[in-house]
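Here it is, the structure in full.
Labels run A, B, C and D following the written order; every chain starts at residue 1.
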Amino acid sequence: MNLDAATALAWLRAFAGLVDERAGELTDLDRPIGDSDHGVNLQRGMHAVVAAFEQEAPDTAGAVLTKAGSTLVSTVGGASGPLFGTLLRRTGKALDGGDLASALRAGLDGVVKLGGAQVGDATLVDALTPAVEALEAGRSPFEAAEAAAEGAASTEPLVARKGRASYLGERGVGHRDPGAESVVLLFTALEQVAA
Amino acid sequence: MNLDAATALAWLRAFAGLVDERAGELTDLDRPIGDSDHGVNLQRGMHAVVAAFEQEAPDTAGAVLTKAGSTLVSTVGGASGPLFGTLLRRTGKALDGGDLASALRAGLDGVVKLGGAQVGDATLVDALTPAVEALEAGRSPFEAAEAAAEGAASTEPLVARKGRASYLGERGVGHRDPGAESVVLLFTALEQVAA
Amino acid sequence: MTAVAKLLDDPADAVTDALRGLAAVHPELSVDLTQHVVSRGDERRPGKVGLVSGGGSGHEPLHAGFVGLGMLDAAACGAVFTSPVPDQVLAATKAASSGGGVVHIVKNYTGDVLNFQMAAELADDEDIEVETVLVDDDVAVTDSLYTAGRRGTGGTLFVEKVLGAAAEKGLAVAEVAALGRDVVSRSRSFGVALSPCTTPGSDQPGFDLPAGEMELGIGIHGEPGRRRVPVPATGVAREVARTAVAAIDEDLPLAHQDLLVLVNGMGGTPLLELQVLAADVVAELDARGARVARALVGNYVTSLEMAGAMVSVCTTTPELLELWDAPVRTPALRWGV
Amino acid sequence: MTAVAKLLDDPADAVTDALRGLAAVHPELSVDLTQHVVSRGDERRPGKVGLVSGGGSGHEPLHAGFVGLGMLDAAACGAVFTSPVPDQVLAATKAASSGGGVVHIVKNYTGDVLNFQMAAELADDEDIEVETVLVDDDVAVTDSLYTAGRRGTGGTLFVEKVLGAAAEKGLAVAEVAALGRDVVSRSRSFGVALSPCTTPGSDQPGFDLPAGEMELGIGIHGEPGRRRVPVPATGVAREVARTAVAAIDEDLPLAHQDLLVLVNGMGGTPLLELQVLAADVVAELDARGARVARALVGNYVTSLEMAGAMVSVCTTTPELLELWDAPVRTPALRWGV
């Protein structure tokens, strides 16, 4: 799958819209196992991204994602700011000319390098990894979103090993990771604009 | 009415018993218009009085009341400690040889001198004054207790001018003064031992 | 609303246990666990005027937390919200006495007034000269000759600090007391509660405050205030600042004055919120042409775990400011040393 | 249980408004209301190592209240319970830099670690040498290479104070950082909540705590603890002291150690109660053969209006004690000057 600047912009705007819609839910997921702010954090960041694009929209898809990533880094804070920011920035930098799937792989690698989480640690990596793998295997954004959703659901029975949920030990079991759920929204947004 | 040491002791023990029984109520009266401690305060003091008499009981009625008064001063604190303490101490000092009614008048004068409250200011003076007047008029402790009860009830419609209730202004109207209610118990105790 | 559990061992021993804690972390203080009197453990200059305050407990750090160089010589700690008995105040007076007389700083509540008065008589029997400074800074209460008068609240801190410096400086007992009355006449306070508080051992708060309402004109003993009003949807801190400063300014015009300002938490309100209130109080004072010379923000004169705040101000002169700035070394207030 | 109203104006502006209040009462600080960076307004010696900390807001006075002589040079204040972004940390780093390098004191949370790390890279681009000291003192969390590791909590205060003194003394950046790692290795904390807290703008507390229960092993972000147990009928403070000290002692044997002790309120617990807890903590340490060299009791590292407390200790040497005792002049910690 290749991405033009307009589609990249539409993707991020759709993601911002979904985050707006679901911010309360994301924060509620962060309540039992975290510090009740994930939805608020991501919403603050995506508002800033949308506002930045209203000022000036870059003219390549790579620049769009890179700009979105650095805006997230500069406005979100918390764990999700650097992680989502790195995901989009690395993806954007790897994108130009090339294929979205392999660019997202570079983004995923950046997230793993930065945060040190592996699949099974009950973080956003658990949703991001299968989604990227789906695209790499040539499956549709719809299927990638489905894979992300399965990955997010798979965090529920786990004892978290990274992020705040890890402080809870066994008490965190039975809760879905909020960051993983945001990744589902990112791929749902992609599916919306690719359709 | 004359008082011997045994009756004086019995009186104060009966008062202590009534305070124990009604401490919760007295504190509850102090809640809406004061600082929710009147029952606790008086209970602490009367426990100390009873304990002091267990150590050593004075052999005149005057000494019993004087000792009780200074024990209250030394153990109660708040407004009621000096006021009830002065009442009993002055009464005790004025008692020896003489009549309880006129000794209580000396006690009442001490309270008024110390606290500056007049009848109608919605304090314990409103119950104490009619009770002392009843005894002075040769009426029974039963009638004195009744007069005290009427005096206590009369504080309800008043805007308090002394004590903590005065801080509330109009908002204190409709509440009975807790100190006045304790005075009722003091005369109820007298009625019990005089009967 | 169920009350939050208290971090105590036995509610009946709350004051003793708290003083034990104070003693454990402040070896420089002398703490009498029987009389509940806290006094300076260091030597004082013979003839220095002694400063004593005290009152019910539950207002920590007031008063015991203000014992030390440049502030109180001794504090008498009553039961929670109950003034100390004369014996305690006498013990504090003796501990504070270095031969130059003692000033009692008394918050104007009937109980405190009467117990300190009795203690002053007992001290007189022991040839200690006592002068009394009555603090009645709370503008929420209408003043009148025929009532108990205004309560003593946050302004007590100004009096204790300024007199502490004056006593160190060597003023005589009558001068210290006169200065104290001057500081009182310059001090005003107004407080607001966002939640009530519960006395240890009691199963009920001092008043019920329905969600969405606040009490204006509260005292510091968990008692209800003068008025209950709805909490505004936004601008809560601004509304509190405006109400408090307006009430004070009406009583003591603040324009062109250089002020000591205390934005005082009642015990349960976090510093984040007190700082927001401080911003609004300073803006409100500014709008009325007053200048903030010095300010403190924090829990200084509290009412157990009550949520809410009190605004206190004191108009100053260069001399008063100098006394305010003089070194102080106590558990709760320290600078310059 | 309905939450108590907050003394704020607009929850979204809580941090800005609180910093405005800090600026209004502390003219000696330089407060950047856009970047939310607080730094020393006075001149520093060229070449002095700069000390920067920061993190989410809601822990006041940490960190901004510890900016000043003998402690931090600058603090970056994130949104409530959200670590600051790299831009803020970079701004703080620049404000703190006097040419001798900068030490970042970072509480160990993924968000803080990542954002400070990115800021350190940006600072490197501007030729500012940055060393990082990671604080992970919370024994409630099992440490492991495969997890996020222990949280940084109350022990941060020890690190900031000691490094502040070391930087004033003229230690080089690597020495200050090495000392910081030593202080971290000597510091342990354990916290207990008696009530949850609610982030401004949220309508729900971070967790539900039924009446009669308490959370053991809490962090400082309103998150639930490791275990929930019933509040005992009496001896609550003793139980908290015992649990906290035992957890610490198990991890870092305290016998024969001279300790810095912090009995820290979480924001909503009054000083009366913290003093009772302090008495029990000192007794518990005593029973284990440890000695309290210095202690602080009060709200220093908080979690909004949470009721509860945290016990932090740091084992000392004579050199560390000397650094602890060195003059400090900040809004929340001041002595010797």
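Operating definition for what follows: a residue touches a chain if its C-beta (ideal position, glycine included) is under 8 Å from a C-beta of that chain, and two chains touch if they have at least 3 such contacts.
Remember, predicted model here, so these are calculated numbers, not experimental data.
Trainee: Suppose subunit D were not there; which sets of chains would still be joined by touching?
Mentor: Subunit D out, touching clusters read A | B, C.
Trainee: Averaged over CA atoms, how far is the centre of subunit B from the centre of subunit D? Could you give it in whole Å?
Mentor: Distance between chain centres, rounded to whole Å: 53 Å.
Trainee: Roughly how many whole angstrom separate the Cα centroids of subunit A and subunit D?
Mentor: So the centroids are 31 Å from each other.
Trainee: Where in subunit B do residues touch two or more other chains at once?
Mentor: Not one residue of subunit B touches more than one other chain, so the list is empty.
Trainee: What are the residue numbers in subunit C that touch two or more other chains?
Mentor: As it turns out, subunit C has residues touching two or more other chains at 80.
Trainee: If every chain is a node and each touching pair gets an edge, what shape is that graph: line, ring, star, complete or other?
Mentor: Contact map by chain: line.
Trainee: Going by the touch rule stated at the top, which chains touch which?
Mentor: All chain pairs meeting the touch criterion are A-D, B-C, C-D.
Trainee: Okay, in this complex, where on subunit A does subunit D touch?
Mentor: Residue positions touching the partner: 27, 31-37, 40-41, 44, 73-83, 114-115, 161-164, 166-169, 171.
Trainee: So in the complex, the part of subunit C that touches subunit B is made up of which residues?
Mentor: 56, 78-87, 109-111, 114-115, 117-118, 140-142, 146-148, 151, 199, 201-202, 204, 206-207, 219, 221-224, 226-227
Trainee: Over in the complex, which subunit C residues touch subunit D? Could you list them?
Mentor: Those in contact with subunit D are residues 1-2, 4-10, 14-15, 17-22, 24-25, 57-58, 60-61, 65, 80, 194-195, 211-212, 214, 231, 234-238, 240, 261, 263, 267-280, 282-283, 292, 295-297, 299, 302, 304-305, 307-309, 329, 334-337.
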